[in-house]
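Consider the two complexes below, in which subunit A is the common component and subunit B and subunit C are the respective partners.
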Partner chain A sequence: MEFLKRFAKRLGFTLLTILAMSVLIFFLVEIMPGDVAQTVLGQSATEESVAALRDRMGLDDPLHERYLRWAGGFIRGDLGESLYMRGVQINTIFWRKVGHSVVLALTALLFYVPLSILFGVFAGVKEGKAPDAIISFVGLATMALPEFVSGIILITVFAVGLEILPIASIIPIGENLWQNLDILVLPALSITFVMFGYVSRMQRSSMVSVMKADYIRAAILKGMPRKYVIFRHALKNALLPTITIIGMNMGWLFGGLIVVETLFGFPGLGSLTMSAIKTRDIPLIEACVLFITFIFVFATFTTDMLYAFLNPRIRYKRGDA
Partner chain B sequence: MNTYLLQLKRSPRAIAGLAILLIWIFAAIAGPSLLSYSYTEMDMNNQMVAPGQEGHLLGTDALGRDVFSRIIYGSRSILTIALLTSLLSSIAGIIIGFTAGYFGGIVDTIFLRIMDILMAIPPLVLAMVVLGILGNSTIVGLTIIVSIAFTPATARVARGALLTCKSTEYVDAARIRGESHIYIMFVEILPNTIGPVIVEITARFAYSIMMIASLGFLGVGLQPPTPDWGMMVIENKSLIRAAPWTVLYPSLAIASLVIAISLFSDFVSKVMINED
Partner chain C sequence: MKTEPVLEIKELDVAYHTLTDTVVALKGVSLSVAKNEALGIIGESGCGKSTLFYAIMDYLPVSSSRSGEILFKGEDLVVKTPKQMTKFRGSKIAMVYQNPYSSLNPSLTIGFQLEEVSMFHHGMSRKEARQAAVETLSDLHLGDAAGIVRRYPHQISGGMQQRICIAMALLCKPDLMILDEPTTALDVTTEAVILDIIKELKDKYNMSLIYISHDIGVVNKVSDRIAVMYRGEVVEFGNQNTIYKKPEHPYTRALINCMPRAGVLKENTQLNTIPGYVSRRSAAETGCPFVARCEKRNATCEEKYGMVERKPDHFSACDRAYATDIPDKVLSKEAGSIPEGAEPEHKTILKIDNLYKYYGPHGKRIRALDGVDLTLDRNNVLGVVGESGCGKSTMGHTISGLMRPTRGKIIFDGTNISVSWRKRSPETLRDIQLIFQNPGRSLNPSFTIENIIGRPMLKLLGIKSKQKRRKLIVDILKKVDLGEEYLFRRPKQLSGGEMQRAAVARAFSIAPNLLVCDEPTSALDASVQASVLNLLVDLQKDSGAAYIFISHDLNVINYLSDYIMVMYLGRICEYGKKTEVGGSPRHPYTEALLSAVPDVDPSLKRGEIRLHGAPPNPTKKIKGCPFAGRCHRKVGSVCDTTPPPRVNFSDTHFAYCHISPEVLNSEISVKGIKK
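Then we have the complex of A and B:
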């Protein structure tokens, strides 16, 4: 019951956030300087053709009508028509790019989650000793680097130096992502660089505090194998904050994807957003940014629910007293 | 103050971080007057000269511009903007967060909801879209927009810091004395939350560097011919095989600066938190 109440409350707030963001994004893009129709048709367009296009796009309608039309289309799954690529429905290009980004994000998760948890646990168990100092230094250093800096270092080593991975993440025409899985490695590693610091630090500190708990000391003193105690008893309890951090960073990861995808030329949501901004393609900018926000909000919501579900203190709040 | 110095002495990491940061600050202030090349000087006879040759310490780029000079000049803008943004966003955060936390009730609830909503968009995406839309970023524009993007986060920290000492006796005493709200917030409470505030400002400084470098890299930061580290990386990216130094050295400049600041801010947060 407690859980359901929390669920409903968070869901309501999540929807409210998305609504507020959609208004914000819409008005933000509205203030873009210059006449949209003029931009689309170019400087040589006649006044009549500009006026005709304005009329066709409904640019002269009142602001709230345009917002409602846009938001309504969004809810029905119609993202509108691209301005830069005249006549192209955004839907036809958008979801494929989002798919690529999701695959990239999942690959990155696959890299950094086990890696950071493992090193975090190791550092936590060896608290204050040399391995701990080295792991936390590496974490602190890589966490501070912007994604494109770690990307450049990775490119220099693996693509230019060792020549074992491609320099850019380009899918040749006529092929799909699955035939070019090697293009995922360096972008995913660049993200791993940044995320490793956050996640391993969190894992380390929760491990340190759990290892000091009485039940762990009891288990060790009872003579249970140390490995068993660490992985079965301690890790189980020390994972909760880590899961929260990973979830909370999901949306942030999509922000970071913009930088990584731009560096590698990876055909995903990030580079689509960037090119939309460069070409001042308003409907496309709106679609991209709203979608990134959506992922961010949804990831936070899911994390919150997962946390509540995994944490017995919240799940069984009634019986807590 | 002496205890801080003593603790600093015991932390080689923090000393290293501080030293590198000071070197960069020195480079930004005095560097340009000591350079033998200007950052815009193009030398078409010496394109993509390798590091160490023809008097170019870090080589030249595709237009024959000296990479070392451009990095030194670039340190000016990035340090200036990062310093300003971390201060500005912290001040704005303190004012907003303090007001919300101090008055509590409905003011606080509205504040928290608005901050939650604003935090639903990653700061980098927000700054990128706004700068991209406005076009032609200047130092002032960049500073303001990045500060705005950071303020929800700093305001939350400030609010949290205020709540820890809102219901103390000295605040009650001031209230009974009939001091104004502003006096209580900024003369009574602020000095007692200075620890978390300093921690926030130093951490924010590192974030700002990351953010400004990333915005430059995405092409929405400072516009040419002003040298910008992030921009140098994306400009020369296609040369990474032919002239790797044009990409690698600006990247390393960013790396050394952010790592140095993080090491130092990690130390600051340890010192400030242990003390309380």
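Then we have the complex of A and C:
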């Protein structure tokens, strides 16, 4: 009951956030300097052609009508038409790229979540000893490298040096991602480089504090073996802050990999956003940014719910069982 | 000794090593516990009680060393490997801890945490283990054992949690159970029930117990033989009665005299204080650990020191407890040191009229105060007592303005102040001051003591000159026995007692007329508590301020107050002069509360009223008497349906109860304090 109430409340807030963000994105694009049609057509365009485009884009309609038309299109699943690639429906390219990004994000999650939690736990139970120092150092070092530096290092080692992985994540024309799974490895590794230090440090510090808790002492002095105490008693409590951190970065992972995707030329949402900005393809920019916002908000919502679900103190309030 | 002891500790030393030096935590501790015997260990914080059980369980930090022998049924635990120790832990030697809530894993069900013990030690399947868990739980008088195992720790009350912990310790039928302050975090009536259970189970399972506590009263209830520890040594060891009646070590003697106890009142006795504090012990130190603070010390303390059987079965490390070459401190006050005959001015300073305070949203609101009336005169101390959740702190906070009452009036010195502090006049703000339970958390850690005490002077007295303020601050610091050198210290650099004295100095720095003390000594050790209580008594006598002294500890309330108010679930149960409420309690709840108080003097045997269950859910509207559900003298359904009427016993003494006044008066309870 408590859980459902919490769910409904958070979902309401989530939807409200998306609404507010859509208004913000729409008007930000609106108040950009210069006439949109002029921008699209360039300085050399004639006044007639600009007027014709304005008319076609409906730029002369009142603001609220244009917003409703735009937002309504999104709800119906119509993202509009690209300006740069004349006559191409955004829908036809957008979702494929989003799909690629999701696969990349999941691959990266698969790489770094178990890795950093495992090493974080290990460092945490060996607090102050050599393994702790080594893991902390590696985490800090990889965290300090920006992804374009670590990416280049990875390319140099695996693609140029060992020649076991492709340099760029390009899908040859006529093939799809599933036939080219090896292109996922380097971008995912480079994301792992960024996230490992972050998540493992979080896991380490929560593990350290949980291992000092009275209930861990109680479990050890009940005669439980050490491994059992760590994995059955400590881990479940120590995971909660880590889940928050992973969840908070989910938005970035699914929608904000602009640098990584650009570096490897990975055909995902990040590089699409990048090229939309470069070509001033306003409807495409709006679609990308709104979608990324949506992912951020939704990832936060999911994390929140997961946290509540894993934490019995939130799941059941005192008294009801 | 007839039987082979279950546990025999011989010359146990434990030291903690830091990079620069070595701190001695235990030194030459020798103790033995016979089969089915309960050994009590008392001492203040820092005396090594916890280190002792950690040493037995081999749970010391890596940077420590342990030497000596710990013989458990003949096997030396000191030489066991960690792996071998797991065979003893939880199965042959079990533990119960101070804080049941934090000792239970919050994200595992109670059942899971019970089952794993039997599964590991007895190789049971989960189903058998569940069966065993339910059976053990019913030994602890937990009604719905099968339902409780499915719950999470936060879903049950503190008393239940502690029973779960005890059940967990019992599952493997251990030979020895170590209890580390198991009732300190519980209310006094719950404590009494738990102590009963512990006693009962000790005999049922034929276990030996080691009961560790700072509270002699609690230890008295469970164990016959008591060891007193000080700075890592056992300084005295003997029967509870002889330890209380004729302690043989100066420390034990000084400690007992620190404790507020039956027959000791502020009118007739000053509490003893022990100067100085418990300091760390270096490896080089020899002789008596208490020598620096002992008032009976002389040249023989160094070489004559050592455990000797002074009387049959009574060991002490010192023979100077009653040395006459250094006279005892005079603690009894001459009659008239507090003018009792010449009643001081009877000026009412505070009047509370039908006060209500609700928390939370409608429908789930908690009735923290449910219609409280009271008047308080100058020069008087009103002790407010009750168990957690009875609204005593809420009352203190509404009076001091930390929060606004939901309904009702607070009249202070003729002005209605039932508003939040923002709307109070500077005079009122100055006149009502508050002292909190935990000085470490109520004093700003980044301020110096001068800032902490000086700020109210600047803001409320408008003393702009820093020089002038400093002079006043030094004066007030001297009054609370802190020197000028404390001006520039920060709270972190002070001990617990010094911090609380600084908090008292802050409150008194602007000469308030009403001081609300919210459990000001609950977090302090007995000897430190004594110094703070003495200070509060002296300051009150000098300033004529009125106190509202909130505490769960009836011994403290009884020592310090003039009037006592007993609260239950936001309402007043009984109110009267100290002699009336403490001496002849009329309300069944007061009776039960008094009978549950652990006595320092083991020869006082109080009545055996045990309250079962927990106070009702405070979000439910109660039509009748809030205590009806747990009352041992319930009249009938009228208790559940009608609010109890006020019954007056004297001009100052009344209670709210359905029992007819004749019965309440005639059955003058035998549960009060009797000598």
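The rule is short, and it goes like this: the second predicted complex is superposed on the first by the 296 of 321 C-alpha atoms of A that agree within 3 Å, B and C clash if a C-alpha of one lies under 4 Å from a C-alpha of the other, contacts with A are read in each partner's own complex, and residues count from 1 in each chain.
Here is the rule we use: a residue touches a chain if its C-beta (ideal position, glycine included) is under 8 Å from a C-beta of that chain, and two chains touch if they have at least 3 such contacts.
Predicted model, so just to flag it, every value in this text is computed and none were measured.
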* To do: Figure out whether A:M274 sits in contact with subunit B (first) or subunit C (second), or with both, or with neither.
  => first
* Based on the superposed arrangement, let me know which partner A:L11 touches: subunit B (first), subunit C (second), both, or neither? => neither
* Asked: In the superposed arrangement, which partner chain does A:I164 touch: subunit B (first), subunit C (second), both, or neither?
  -> neither
* Spot which of subunit B and subunit C makes contact with more residues of subunit A, would you? => B
* Asked: Which partner does A:A141 contact after superposing on A: first (subunit B), second (subunit C), both, neither?
  -> first
* **Which superposed partner A:T262 touches (first subunit B, second subunit C, both, neither)** => first
* Asked: So, does A:L68 touch the first partner subunit B, the second partner subunit C, both, or neither?
  -> neither
* Residues of subunit A touching subunit C in the complex -> 213-215, 217-225, 228, 232-233, 236-237, 310-313, 316, 318-321
* Structure fact -> Interface with subunit B, subunit A side, in the complex: residues 13, 16-18, 20-21, 24-25, 28-29, 31-33, 137, 140-141, 143-149, 152-153, 155-156, 159-160, 167, 251-252, 254-256, 258-259, 262-263, 273-274, 277-278, 280, 285, 289, 292-293, 296-297, 300
* Asked: If you look only at subunit C, which of its residues touch subunit A in the complex?
  -> 57, 59, 86-91, 94-95, 97, 99, 102-108, 116-117, 120-121, 147, 150-152, 154-155, 165, 168, 617
* Structure fact -> Given the complex, residues on subunit B that touch subunit A span 13, 113, 116-117, 120-125, 128-130, 132-135, 206, 210, 213-214, 217-220, 230, 233-234, 237, 240-241, 244, 247-248, 251, 254-255, 258-259, 261-263, 266
